[in-house]
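The first chain written gets the first letter, and so on, giving A, B, C, D and E; residue counts start at 1 in each chain.
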Amino acid sequence: MNLFDLQPDEWQALLLTLKVAAVALAVSLPVAVLVAYLLARTRFPGHGLVNALVHLPLVLPPVVTGYVLLLMFGRKGPVGAFLSDTFGISFAFSWTGAALAAGVMAFPLIVRPIRLSFEAVDPKLEEAAKSLGARRIVAFFTVTLPLALPGILGGAILGFAKAMGEFGATITFVSNIPGETRTLALALYTATQTPSGDLAAFRLTLIAAFVAFAALIASELLARHLRSRLGGADA
Amino acid sequence: ELTVFAAASMREAMERIASEFESETGMRVVFSFAGTGTLARQVEAGAPADLFISADSDWMDYVAENGGVEPASVRQIASNKLVLAGPKESPALGLNAAEIAGFLDGQRLAMADPDTVPAGRYGKAALENLGLWQSVSGQLAPMENVRVALASVARGDTPLGLVYRTDAQIEPNVAILATFPDTSHPEIRYLAAVTEVSSNPAADPFLEFLTGPDAQEILQSLGFVTDKVE
Amino acid sequence: MLDVDIAGTVGSLEFQARFASEGGVTSLFGQSGSGKTTLTNMIAGLLVPQTGRISLDGTVLFDAAQGVNLPVQERRIGHVFQDARLFPHLSVRSNLTYARWAGRRKGDRDLDEVVDLLGLSTLLERKPGRLSGGEKQRVAIGRALLSDPRLLIMDEPLASLDQARRNDILPYLDRLCGEAGIPILYVSHSIEEVARLSDTLVILSDGRTPAYGPVAEMLTRTDLGRATGRHEAGALIHGKVTGMDAAWGLTLVDIGGAVLQIPDLPAETGDTVRLRIRARDVALALEPPKGLSIRNAFEASITSISEETGPYAEILCVLNDQTIRARITRASVADLDLAAGKNVTVLIKSVAIDRRQRSLV
Amino acid sequence: MNLFDLQPDEWQALLLTLKVAAVALAVSLPVAVLVAYLLARTRFPGHGLVNALVHLPLVLPPVVTGYVLLLMFGRKGPVGAFLSDTFGISFAFSWTGAALAAGVMAFPLIVRPIRLSFEAVDPKLEEAAKSLGARRIVAFFTVTLPLALPGILGGAILGFAKAMGEFGATITFVSNIPGETRTLALALYTATQTPSGDLAAFRLTLIAAFVAFAALIASELLARHLRSRLGGADA
Amino acid sequence: MLDVDIAGTVGSLEFQARFASEGGVTSLFGQSGSGKTTLTNMIAGLLVPQTGRISLDGTVLFDAAQGVNLPVQERRIGHVFQDARLFPHLSVRSNLTYARWAGRRKGDRDLDEVVDLLGLSTLLERKPGRLSGGEKQRVAIGRALLSDPRLLIMDEPLASLDQARRNDILPYLDRLCGEAGIPILYVSHSIEEVARLSDTLVILSDGRTPAYGPVAEMLTRTDLGRATGRHEAGALIHGKVTGMDAAWGLTLVDIGGAVLQIPDLPAETGDTVRLRIRARDVALALEPPKGLSIRNAFEASITSISEETGPYAEILCVLNDQTIRARITRASVADLDLAAGKNVTVLIKSVAIDRRQRSLV
């Protein structure tokens, strides 16, 4: 068995992992940007509570988060039942559920760097935008957001990496179903469950590391590009 | 296509049985392996599983009571033995406090977590039953599952591990130093049942197949005890 | 037009400002730290005064009593900030046109025209991080000019520009104000610029506005010496262009009772003009001198002589009802035996009244 | 059983968790600051590799990281054997090992925000410091580091939360020994693994959430203080 | 003292600069974007030229050929940046004393003295974010002054300061240079400042240094009109204080062949002084006039008359070997029938030569 020849089930797990991580990121990133902006630039009642909720998945063991998701979004859970009855959307034991778990677990990691970046954008530039007639939302999209891009990228890469490696919440929430929810991390776990699985586990580790490495390189290149767009200096 | 939620410790056996089943019936079986507790809660939550195979009777009772599986379909498919595993070529060990303490020599005894893993609960019961708990409970290394405990012994991080016979048998780097008498712990029962949500016509045949001769032979070859199967 | 009467506390500054201006250029003049930027920020809506009222052209921008506080983006005030505040991620071009594509301000001012005026044509694709100090400031000016403002606030916009560039920009601002009718609120340390450009002068000192009024009046007030800077004291006189001397490049301006010859004045016969004549450029003689290169000499009568401490004396002379201010040594006052009521010949070098010293009214 | 009366074993788990998280943070934070600075401000051969290594614990399932730690720092592992022989330090099955696992897992989360903050510090200020005679290291401690404090705080709070909640690597590396390595997360997991453990799990969740909440509030106050120290505006 | 001969490319700018100065104040003068900041950054070590050599006081700071490139922190150059670059997290006091506690620069200049000079005493505990524009700039100046520099680079340091404050700071820089012997490299757009302060003037234009030399010489060069700004053209003359007229506050300065009366000159009998006399302040007469407030009149002979286009003529006169420059209308040249070689009376208002126009040598 050649080390660099992926088996069909490895391919499956790899593609599934990329799909899950990508969808998790795609869905949670906009929400994270919004939450980060609210946390950074506004004071509202419940500010502290939102902040704490965002961080909760980090503090709790993933199994608990997965269990909470199961209780909420499971077939019989209040949210799950509602979504399934109203929109026909079901997260239970499907890759969408894996993406949900990955997204929730990655959320705090995405929010924090973005929030820091928003806080670092000089409000004077937003004032300048407003004095030129831009409404708050326009100023946000034309000034604040572009200037916070390095942080958004940083948050995204942390979140993507986390989503790729998420294990505990995923296996608890959507179980370990091949082709549906068995991502690389879960396949790796499965491999370790038999004595003969060491080689398979090693191969899977390499695959995961390789993908992560590729994603990081891409993000570094993008970050460098972003920085050079700023002309290497502040105005 | 049949979906089976099975305790992770059964992986090797289940995959072999499934391929046998597939070649006989043409039905594909898909497994989701995880800890018994995890799976039990999922089955309770209505997971799209047809069969649930538990490594622990308490969890199966729990699921049956909470409407996860059809209580009438629960059946035992195998049982197991507890052993003490040590480095290869170690001498056999008597199940008494002095010998075990001597062997450990201040290091830890790896076993599945008595608080979380069925294997650990059985192990604890056995140790208590043999009057060994007092002396070793301070020296335990409770692991997430049996495989991790066994690997720890195989690597030499811990000199001794309390594990299932099935696991110890396949691991080439360890030897079985002692086997616990069946009477020292509640019977280690592997139970299978059809879930409430299953409407798959192949569920019953597979359940049947698990207790059939082909499956039992596979289980036996992997070290499971099959003589008590109904 | 612009009516301000506000008060509040900003940091350690007790702020209280009151002035009104009738359009044109209103200059804010005061020492560093006197509150000029604070005042402009309040008018722009970036800072909120505690009490008072600001209205522009009949629109109430702020009224504490009525709870009105128009948001910045609705005030339509073009703001050239003291620190340029360019958008570092946008090219110079996108910075300049920001108000159009992000602020939905249309405006009919031409981008090319502004780019030419400010000498930015080779820089359009650059990011602000790669501009020199003066270039940044010019982009900031252009950005505000192109935002179709109802009022233009300029906080020391020319501080780091060279004289040649200032000489290009100042007449443009003049035109903007005159032709396009956009009032300008101008912060400057240079009394030359202020005199050259302003219609109304507002003095700021320690967060207060001790005086404001038409610039001609303010510049002849001797009690504001410290604020306006004695060296730069002078007077504004009004005149009417009566003819040209094309051969020598001189324009003849009738100031009522005398005709001045002024080089290089871009005005037509019939125009009314405003000339600022600095006190230090005016000499006095007992009788009209002969064989002198100073071309403008006319008789006027002394209305007051204020002998300050030090070697200087300030003399106000009146010709018809225009006031001229002269600054000579006390020694000369004594030598020439000058006194209030006496008639003297006022001498003004033609070249002293140059392009920077006057403005079309 | 009163909900707010902690049981002795809950107390034990709580204190252990705080100890483990605090030690993990105390040790990894300085290293993270150094690594973040190197990644942000220098280009050296192996830059990409270091960056990838830092993120690896995020991408791999925690169990794998725990397993690698076991291989390296276990009694028979190369590093573990060396440390134990030379300094008598052992990580195996002790709370120090739990701290090591927590630190390693938290590391990428700490590095990223700090790195972003370093990148956001205007190099012109460092130039100014040098022109005033400050050597690079002095400029770092007097200018760069203080200006990056919000990011360092942000990284620290992410890292602390992660260290508190770390589960997979910890249980794999140092097992789940009550009083020694059973942190709140492991205790919580333990509770969920018995059919009757729901109430205990709920209590532990509350405790963990409460501690995290307290830590977040503290960090928010500190951050606000930092920001107000800057006078609310850039120079 | 400071020897610069470097070349390189920065962004779109082809850079090539060569000049040498013998200590004192060296001014860099040029339009916005001409490369002044770039040049100062290269001297400070913040930018590295491609080729060339920079040496200061015998120490080689940079030499491409020898591979020498002294790091910024070892050059001991106090730098007032065009953008203030204050440390936002430090109080004004800590910013001012940064070089002492972080740069291990001792220096014997007194903090209080600098704080007083710059009017910062009430601001010491503030953070830079709460300062006005001019206040920031003053802190930046103070910080550089207190860094015990071997050379002081000041990039438009007074751009946003009012006249009164400038008048306080300029003499201090003078003293710094004269007494403490610290050379200053001064970037400015104001020819007044440059003339007032400089010993050497370096003209920068499009990244090149077309001319440099002693300031007196440079200011009388008519070929540099565009660079120095015609309006501000003038000449420097040297003189010796021969006495005081205490009653009238006038100082008598012998310029060799004539004695000028100058108000308010802070000099002692016996001092040598340098006076800048702007061409526009000089009038010419055919014979010594009577009854005129202009006190300084002396005979000189015309060496050249350059009639430019437009209404003006520039006239150089010489008295002994001092050159005086006058600017009058072409009309007057014709009226008075002036020509090279002719003797005329030069008239200079005493008040035109005021405190800003002269410097102790």
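The definition used in the following text is that contacts are C-beta pairs under 8 Å (C-beta built on N, C-alpha and C of every residue); 3 or more make two chains touch, one makes a residue touch a chain.
Note that this is a predicted model, so its numbers are computed, not measured.
Colleague: Can you list every chain in contact with both chain B and chain C?
Modeller: A
Colleague: Which two chains meet at the most C-beta pairs?
Modeller: Per-pair contact counts point to C-E as the maximum.
Colleague: With chain centres taken as the means of their Cα atoms, state the distance from chain A to chain B in Å.
Modeller: Once rounded, the distance between the two centres reads 35 Å.
Colleague: Could you work out how far the Cα centre of chain C sits from that of chain E, in whole Å?
Modeller: That pair's centroid distance is 26 Å.
Colleague: Once you find the CA centre of chain B and the CA centre of chain E, what distance in Å lies between them?
Modeller: Using C-alpha averages as centres, the distance is 91 Å.
Colleague: Any chance you could list the residues of chain E touching two or more other chains?
Modeller: Within chain E, the residues that touch at least two other chains are 83, 130.
Colleague: Which residues belonging to chain D are in contact with no fewer than two other chains?
Modeller: 63, 124, 189, 192, 233-234
Colleague: If a residue has to touch 2 or more other chains to count, which residues of chain B qualify?
Modeller: 41, in rising order.
Colleague: Could you run through all the chain pairs that touch each other?
Modeller: A-B, A-C, A-D, B-D, C-E, D-E
Colleague: Inside the complex, what are the residues of chain B that reach chain A?
Modeller: Going through chain B, the ones touching chain A are 3, 5, 8-9, 11-12, 30-34, 38-39, 41-42, 45-49, 145, 147, 150, 167, 170-172.
Colleague: Mind pulling up the chain C residues that touch chain A in the complex?
Modeller: Its residues touching chain A are 44, 46, 71-73, 75-79, 81, 83-89, 98-99, 102-105, 126-131, 136, 143-144, 147.
Colleague: For chain E, which residues are in contact with chain C within the complex?
Modeller: Interface residues on the chain E side: 11-12, 30-33, 36-38, 82-83, 122, 130, 132-135, 138, 155-156, 159-165, 189, 191, 226, 229, 231-232, 245, 248-250, 261, 263-264, 280-281, 283-287, 289-295, 310-312, 326-334, 336, 347, 349-352, 354, 356.
Colleague: Which bits of chain A are touching chain D when the two form their complex?
Modeller: Per the stated touch rule, the residues are 48, 51-52, 55-64, 67, 108-109, 112-113, 115-117, 119-120, 122, 124, 150-151, 154-155, 157-158, 161-162, 164-168, 185-186, 188-189, 192, 201, 205, 208-209, 211-213, 216-217, 220, 227, 233-234.
Colleague: Would you pull the chain A residues touching chain C in the complex into a rising list?
Modeller: Contacts found on chain A: 124-125, 127-136, 138-139, 142-143, 146-147, 229-235.
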